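Encoded as structure tokens, here's the structure I'll be asking about.
The chains carry the letters A, B, C and D, assigned in the order they are written, with residues numbered from 1 in each.
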Amino acid sequence: MTIRVQFWSYFKDLTGCADLTEELPEGSTVHDLLKRLHAHHPKLAAMQNSTLIAVGVDYQGRSHVLRDGDEVSLFPPVQGG
Amino acid sequence: MTIRVQFWSYFKDLTGCADLTEELPEGSTVHDLLKRLHAHHPKLAAMQNSTLIAVGVDYQGRSHVLRDGDEVSLFPPVQGG
Amino acid sequence: MKHQLTLTPGAIDEPALIAARQMSAGMGAAVYFSGVVRGSEEDQTISAIEYTAFAQMVERQFHLIFDQIEKRWPIESLRIVHRLGVVKVNEPSLWLEVVAPHRGEAFAAGQFLIDEMKRTVPIWKKPLP
Amino acid sequence: MKHQLTLTPGAIDEPALIAARQMSAGMGAAVYFSGVVRGSEEDQTISAIEYTAFAQMVERQFHLIFDQIEKRWPIESLRIVHRLGVVKVNEPSLWLEVVAPHRGEAFAAGQFLIDEMKRTVPIWKKPLP
């Protein structure tokens, strides 16, 4: 299945990338996606304790099961106001 | 000594009076003044648990010793805002 | 701490007050409160509230509150306007501005000011039918 | 509960927003908050902050907060404006209005909205020297 990934704020600088596409086996979770991304982007791996994850426009945890076509967003802590 | 007394808010209606003057012996307290006022204005006596008292522009308790020329204000709980 | 207290029989012009805001570069928060006359008082429909005040004592008591605020929080400025006389339903009778470095102290000081005002500042209201 | 959310690259016109206030006769309190860009960030002097946002998610997350507020407090209306792009020092980046029957719930809901926003709404800031 195909998952689109977007990076926000300084995560774009850490990865040198605004968005990318990953192909993952059916039944993969957010955790599986992160493992794949961390392998290519070690600076992102270093931020994993302060990484927020959304699927579509809702926050999701590492165990959330992805579906074909999902858009996953990764970003640092928010700072509005 | 001469004490000027002012009533505020509906205390004017209770007493039928905006201000008055009392002659009291030297050393009299707010409590002594209230006794005198309550004798003439029984409706004011009935309000004594919710009466606020200022001498000049500062709140004072019943035991405060008055001085010649003091201006004493009596009023119900305040309600600004 | 700068402070400005106004007792006025005239309407409170909130947009003009906001436009006159002064804030130094270290300040990050401005909290405002508008207290507006409601259409009922103890279940009775009313048209307005008449406010009366012991004006000299109002000044004194507000300044005592300002002193307490200055000791507790790093507020840069406080402005407060209270109307006197007849204030119609839906019009503000009280307007307040607190300017501070951060929102926490601005909200805290604003609420403290109103709570203390309602306890000590000699203003009274009379609902008009 | 009425609510209005605006994300805008343009300046926040506070006097115009205040002048557009709508309040029914049962409402007695309007609380406003203006969050203003300070001249320093972590001890560095700055000239502005650049705000970026994941706009669709911002909307979703604000609406989740509005739902919580509606369940907790009898708020009549909420308006919130957040600027995006470059906001200079001393200009507001955030403006908020809460209209409620009484001040307690208006202050509580306003503070809750800001606290939750800072936890969940995907807006980020970058200080500019």
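To be clear about the criterion, a residue touches a chain if its C-beta (ideal position, glycine included) is under 8 Å from a C-beta of that chain, and two chains touch if they have at least 3 such contacts.
All values derive from a computational prediction rather than experimental measurement.
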Greatest separation from chain D - chain, by CA centre: B
Approximate Å spacing (C-alpha centroids) for the pair chain B, chain C: 28
Distance from the mean Cα position of chain B to that of chain A, given in whole angstrom: 73
CA centroid of chain A to CA centroid of chain C, Å: 48
Numbers and ranges of chain B residues touching at least 2 other chains: 81
Shared-contact residues (touching 2 or more other chains) in chain C: 35, 114
Set of all touching chain pairs, with the criterion as stated earlier: A-D, B-C, C-D
Contact footprint of chain D on chain C as seen in their complex: 14-16, 18-19, 23, 25-40, 89-90, 92, 101, 103, 106-107, 110-111, 114
Complex interface listing, chain B residues touching chain C: 6, 8-10, 52, 54, 57-59, 73, 75-76, 78-81
Chain C - residues contacting chain B, complex: 35, 51-54, 56-57, 59-61, 82, 93-94, 114, 117-126
